[in-house]
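Chain nomenclature is as follows: A, B, C and D, assigned in order of appearance, with residue numbering initiated at 1 for each chain independently.
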Amino acid sequence: MNSREFIASRIAKELKDGDVVNLGIGMPTMVANYIPEDVHIMLQAENGILGVGPKAAQGEERLDCIDAGGNYVTTVKGACFFDSSFSFCIIRGGHVDITVLGALEVDEEGNVANWMIPGKKVPGMGGAMDLVVGAKKVILAMEHVSKDGTPKILKKCKLPLTAVNVVKTIVTDMAVIEVVPGKGLVLKEIAPGLSVEDVQRATEAHLTILPDLKVIEV
Amino acid sequence: MNSREFIASRIAKELKDGDVVNLGIGMPTMVANYIPEDVHIMLQAENGILGVGPKAAQGEERLDCIDAGGNYVTTVKGACFFDSSFSFCIIRGGHVDITVLGALEVDEEGNVANWMIPGKKVPGMGGAMDLVVGAKKVILAMEHVSKDGTPKILKKCKLPLTAVNVVKTIVTDMAVIEVVPGKGLVLKEIAPGLSVEDVQRATEAHLTILPDLKVIEV
Amino acid sequence: MKSKLTTAQEAVSKVKDGDTLMIGGFLTGGHPENLVCALVNIDSTGNLTIVSNDTGTQELSIYQLVKSGRVKQIFASYIGSNPETGRLLMTGEAKVQLFPQGTLAEKIRAGGAGLGGVLTPVGIGTIVEEGKRKIEINEREYLLEMPLRANVALIKAHKADEAGNLIINGSSRNFNIVMATAADYVIAEVEEYVKEGEIDPNHVNVPGIFVDAIVKVG
Amino acid sequence: MKSKLTTAQEAVSKVKDGDTLMIGGFLTGGHPENLVCALVNIDSTGNLTIVSNDTGTQELSIYQLVKSGRVKQIFASYIGSNPETGRLLMTGEAKVQLFPQGTLAEKIRAGGAGLGGVLTPVGIGTIVEEGKRKIEINEREYLLEMPLRANVALIKAHKADEAGNLIINGSSRNFNIVMATAADYVIAEVEEYVKEGEIDPNHVNVPGIFVDAIVKVG
């Protein structure tokens, strides 16, 4: 299991039976592969599907059934389609229980930056801003540090924000961290083989350590 | 032909092929009976129909096909159904060409009062306020004077308004009057057998008389 | 997943003292008569606020509900078909607030869609303005209309599947769709109940995630 | 009534210099490829403003349109799939304005629905705030987002009838429905064209009154 699979499978444990869930492009999409069989969730795609199923088999792709990443998907029993206007009523109106997204930076106030690097890359925010503001619970799926080893979990985000005070849970290859209003970042679980010091060293923001710290199980 | 039929049949001449039309409860609904066969309009009912047809035959009434007055209606070919939210996007968004409504009072600024008499009768505005603000053309269908003979076409409305500066055409049993911004009320047509003085006497507001004044033909 | 199917009595027991209640329908069309009837027969709850386009007609149970003394406040657009609502307005026994029909639909939609409000030109220059903020944009004035939400919504549909997906036909859609999005607990009265997968995902009017309880009638 | 059926070339000749153009679709899904292709081949119009969720992908004709130098302004939510749009943004060759996807949908809806604007919490605390009015309601801040309208909308549907009623299936609805309500002239590219009366009024996604021209493809 590589670190992306590790993160996705840990996040899968956050989902409860009956949850409405929106998974972002990339690592978040992989979460769907690790949901236990007895947990039935409804996956939402912001381009207009509730009840996204597995990818379409080769030869069975339908142009009218794509997810927000442009992938050909299937739908589960009980699915439905709608337009973008209604889709974002669902999202912004608080009818999505959990949204899982990637992030470039996150900070101890629960601010998140994940949509642009000034002067370098401006793909646009797509539905990300609506999702993090509207969803009942925002979970970030991210590598703990960037490729060159610099922390991505900061005291204060430097990149242009996606939203302020929205992140609830951060799941990385090293730790599970909760954002607690007024308290900052609370370390809940660490990856097998790591020490609290390892995690704190890779994190710019201060981590509050609870006595019942656990090891991540996937 | 009684005066209500006279008014309704004159208003029918205002409708052009392809128009989207909303007819209010009462006299305005009668307009539908006088539309020439070669003029095809789409009747809108604000409770969610485009393409309202004639009343349902006895025994063929369907609870899911009522107009805004609660009457059992049919639909024409090419009709469609939608919810109240979308219905008022159509109305407020300017996609209704003509709305025909009754009025208690109208004045020379095109203000209209048709939804309440303080202390007496407060049925509510229903969709009337949205209709007169949103429709491209507002036509009032009304008796020229009230039952006790007092004018209803005033210098300034006294009853609580439905909207300001919205009325384009007033059709009564005595006259057809246009509201021209900056100019006030212009008398366009008078009923057969009446003089201009007859009409002016029954009208509180000043009427501008054009040289090409016509007699109402129905 | 837990079945959403229940009885009218069980479902409406969710209504608590002081609750705000949305009731779908336009006059008799798409009105959840069986649910309202069950509510009338549970006389434990009072201080209710009712949001309804018209508070129905004299033949419906909502007339009894309005008459029961259990309603302290009503939001509607038209009350001419329920004389009891008019009486409460006149005597002041309940607070009755009237909104243009499109405004009422838009307020409920905003409540469900997570919007802070909408700006409408409808009502400008009328008593509908009273107590509301006016905002000028490009030299035109608009009323700021705030969102409406409810604790419980009673709606009516033709068909439900096990997932709660609803189909509402014809002119019965009216307020039933927006209300389903704007309440914490949504009860749907349906004529037909089918297995998951038996409703075409293209034909769903209300996604199942909005529906908490289904009552099969008739 | 005059037939709405026409050719792609004839239909897109309605686009004039300086026009604002809405183009439906989400990536390749529900994208009116044949209409955009026809527009690319008419090189008479310039100074265009394009409203599109994502300005498509490199495989679509919209890539050529964006590259042609005929586009002076783009409104979108995501442009990561069309590198040419990103290039215009970086070089400043065109003005590219990015909106949260739900905000973009809501702005277009407001344009079609006659609203003066909507208040959304999305974008608060981010650069999306820039140049926009903020309005505080009950101690929460919202951005005032203004309506968007277009001269011409290019949309894609599965089926049209002679009245212009459209059916759009699956995830292809996306922006096609709201855009149809918010443009002066609406052109729909369809796969199937049927007689009036052959579409169930319950299954219409876009009422025919919004559709000015129909182009049958494939």
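As a working rule, a residue touches a chain if its C-beta (ideal position, glycine included) is under 8 Å from a C-beta of that chain, and two chains touch if they have at least 3 such contacts.
It should be emphasised that the depicted structure is a prediction, and the values quoted were computed from it without experimental measurement.
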Touching both chain A and chain B (chains): C, D
Steps in the shortest chain-to-chain touch route ending at chain C and beginning at chain A: 1
Taking each chain's C-alpha mean as its centre, the one farthest from chain A: B
B-D compared against A-D, more contacting pairs: A-D
Separation of mean Cα positions, chain D and chain B [Å, integer]: 35
Rounded Å distance, chain C centre to chain D centre (Cα mean): 32
Between chain B and chain C, centroid-to-centroid distance (C-alpha), Å: 29
Multi-chain contact sites of chain B, meaning residues that touch two or more partners: 81-82, 88, 91-92, 133-134
Where chain D touches two or more other chains at once, by residue number: 106, 109, 113-115, 120-121, 169-170, 201-202
Listing of all chain pairs that touch each other, if any do: A-C, A-D, B-C, B-D, C-D
Chain C residues within the chain A interface of the complex: 1-2, 109, 111-115, 161-163, 165, 181, 196-197, 199, 201-202, 204, 207-210
Residues on chain C engaged by chain B in the complex (per definition of touch): 26-30, 53-54, 57, 76-81, 86, 89-90, 98, 100-103, 105-106, 108-109, 120-128, 158, 168-178, 205
Complex contacts: residues of chain B adjacent to chain C: 45-49, 62-68, 70, 81-85, 87-88, 91-92, 111, 122-130, 133-134, 160-165
In the complex with chain C, residue positions of chain A that touch it: 17-18, 20, 40, 42, 50-51, 75, 77-82, 88-95, 133-134
Sites on chain D touched by chain C in the complex: 106, 110, 113-121, 135, 137, 140, 142, 144, 146, 169-170, 201-203
